[in-house]
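Chain nomenclature is as follows: A, B and C, assigned in order of appearance, with residue numbering initiated at 1 for each chain independently.
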Amino acid sequence: MKLTRKDILGIQDFSVAEIELVLDTAESFIEVSTREIKKVPTLRGKTVINLFYEASTRTRTSFEIAGKRLSADTINISASTSSMVKGETLIDTAKNLEAMNPDIVVVRHSAAGAPHLLAGLLKQSIINAGDGAHEHPTQALLDMMTIRAKKGRIAGLNVAIIGDISHSRVARSNIYGLTKMGARVSVAGPATMIPRGVETLGVAAYTRIDDAIRGADIVMMLRIQTEREKNNIFPSLREYANHFSLNSRNITLAREDALIMHPGPMNRGVEISPDIADGPRSIILDQVTNGVAVRMALLYLLTGGDE
Amino acid sequence: MKLTRKDILGIQDFSVAEIELVLDTAESFIEVSTREIKKVPTLRGKTVINLFYEASTRTRTSFEIAGKRLSADTINISASTSSMVKGETLIDTAKNLEAMNPDIVVVRHSAAGAPHLLAGLLKQSIINAGDGAHEHPTQALLDMMTIRAKKGRIAGLNVAIIGDISHSRVARSNIYGLTKMGARVSVAGPATMIPRGVETLGVAAYTRIDDAIRGADIVMMLRIQTEREKNNIFPSLREYANHFSLNSRNITLAREDALIMHPGPMNRGVEISPDIADGPRSIILDQVTNGVAVRMALLYLLTGGDE
Amino acid sequence: MKLTRKDILGIQDFSVAEIELVLDTAESFIEVSTREIKKVPTLRGKTVINLFYEASTRTRTSFEIAGKRLSADTINISASTSSMVKGETLIDTAKNLEAMNPDIVVVRHSAAGAPHLLAGLLKQSIINAGDGAHEHPTQALLDMMTIRAKKGRIAGLNVAIIGDISHSRVARSNIYGLTKMGARVSVAGPATMIPRGVETLGVAAYTRIDDAIRGADIVMMLRIQTEREKNNIFPSLREYANHFSLNSRNITLAREDALIMHPGPMNRGVEISPDIADGPRSIILDQVTNGVAVRMALLYLLTGGDE
């Protein structure tokens, strides 16, 4: 099978077969990063542009390493050093990049829909590396890959996602993907952070963390955006931590073999206590390792891999 | 024929034969960027440093892609992360880079003459990627390449350049190049933006856009530096747009087959109306594509290509 | 012989044999940077991450060029564009990078001990590219390489180090290395800039520059951190220059064949007069050239070179 779509914009429109193709392909790339010589010539002579309008270490680095291990030429553009300073529109920037004949443009933008706009305009493949509070499909794919690798399956698992569900592109993409793959998803957070009508996505919503993690196979904690504190979305970080932190007490409500995930970067002591983050059930760093493999898989599939 | 000069500092001292050599070589590189595998081993083991003291997406990215498609090692240095923070002089920075044995240093600097200073001090080749309001030779070369490719020739064409002629390195380099190549060049802009004595460069100068574009084969719009507005160089952007924007009305004064150029980034609605920028006569994105080819040609020629 | 250590953290715990191994290996790499094709396949498929929490041109560029000339994949991460913006801890950043399977992480950090912390946590090799006022081992190695190449030996030489000894990681690493290698080291600076008990490191300390450089074979000037002036560590830059600048007068106190070094970036007219910096005795740019070779040697040795 091969991926027939031009772009990776979100999990909402991914089929189960496509998700499985990406996960299977990514598993075959895991081995490359453990070799003595971590490089294959697959994308030699291809150009991958990482166009980041928001700061990021792990996602940009993950894509850059993925590209380089496939022998692609990788070009980083960050907003702070870009034409954005001169007021050029996103569309003009993208059309200009298109004219330089890249093969893939990876884009992160604070505006939901920015990658979709580019996908409609550019002949090249676009990968959404996070658009506003909308989607972060490569994160959901690496999360599903990690769950499947650790649990042997996704279908039938109970997955709890805890935090600011409303503003999290990680939550949204995972809800789309996990429910498609047959998991039962529960979400929990302060009432102000649960989107209205989230149940229509097929998830159970709670305002108490205990209700969501009871019986969970997977507990996925979201990063709380501490900069929102001053906007009074919640009273204080301390109060948030008191009610929604994953810790050694409430983790006992989950299944004994429950695994802990976090997309990073973590606020230790806020949404997750350090002993849980570093404990034996944490698979947070497996997520990072799998992230490189998922991105290698996508770069490979979008440039005609398996043809 | 081969390029015998060490540096690319400006078009003012280029001969017609040299311009034609660069354009011919660039045309032969166009094809590389359209291949399945967009890479040739020509500059393997060469080091190209992009030393940018001013923000730039397109020029830096264009040079980086050009270098990588030739298999050079490319190193980006931007002022914001450089020793400039520590107060080192440009000369000391350059001498230090020289000591690391690069082959070519591409430099953009806000001070006119900065690349010439480096060229005199360093044994490596210097390419001027824009120095203050002085020259931007690679832009003029890609502009001439685009005109020649679209029109079949440069000699005898009427070229109108519109905008802030005084402060534009793009205008200056194009005036030098186009007049050498036999084009008739007209410039237009507010009186405060026309340099005194510009006629001595062999161009006709006007303070009304209509006078310059009447009968033009090529209309080249310059980016207006909107940050100058507050310095009262012109009354307001709206007034500027009213008098000097290229739009569907005044474009009818140009020849029916006139083509529209802009070095980017564009201020849509200021110096150019969106329908013109995106219309069928616009060759603005061809300029970008040719930019990669021109820079590949220069990197190739400066490292001994055609020897 | 091969290097058996995992990390390069400081010269304090280096043996003479290890220093000599690095210097010998670096000498064999000097030639690579002077070839027509400046590239060897030694580190093909290895990933080197440059993690810089402080601005740097020369050190980051030197490591990047070193990695690329060895065919490694090099990834740059600077604090300004990193997760640091989001408040992630250094440890979490490092653990995340580890999970992406790099081979070597080069780290510069304003906190003394940061690289040591990472070395204890990560399975990959760490190279200290400067940690606070603690150590800068690659600088000391390139300095020793330069001295040995120019003088034929280190043992028995008189080396004067002048400046803010207390806050200089360059001074500290050189004191460790040069004394181990048998040089006689003198330091001089304002009393407030001489660490208490520095004599226990085996150096002679003075508060007058003349006393330190009298009879010196090597005079190593340190960069004065001009931003400290406002903290009243010394009265004024002018007064500092009057008392501690190396100039054509006091240089006559050194041996006739004395050589002048500076780690850069220089404050011309403050700690060193321009005629001395650019004079025939200056080997400041040799230091830079040797820096690339020393870093190539370390990358090579840490990834199993000479096995």
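Assume a contact is a pair of C-beta atoms (placed from the backbone, for glycine too) under 8 Å apart; a residue touches a chain by one contact, two chains touch by 3 or more.
The structure displayed is predicted, hence computed values, not measured ones.
Novice: With chains as vertices and touches as edges, which is it: line, ring, star, complete or other?
Specialist: Basically all the chains touch each other, so complete.
Novice: Counting residue numbers used by both copies over all numbers at the interface, does the chain A-chain B contact come out same (over half shared) or different (under half)?
Specialist: Chain A vs chain B: different; shared/all numbers falls short of half.
Novice: Averaging only over C-alpha atoms, locate the centres of chain A and chain B and give their separation in whole Å.
Specialist: 40
Novice: Can you list the residues of chain A that touch 2 or more other chains?
Specialist: Those would be 80.
Novice: Contact residues on chain C for chain B in the complex?
Specialist: Interface residues on the chain C side: 33-39, 55-58, 60-62, 64-65, 68-69, 78, 80, 223, 226, 264-268, 285-286, 288-289, 291-292.
Novice: What part of chain A is in contact with chain B in the complex they form?
Specialist: 44-47, 49, 73, 75, 77, 80-89, 92-93, 95-102
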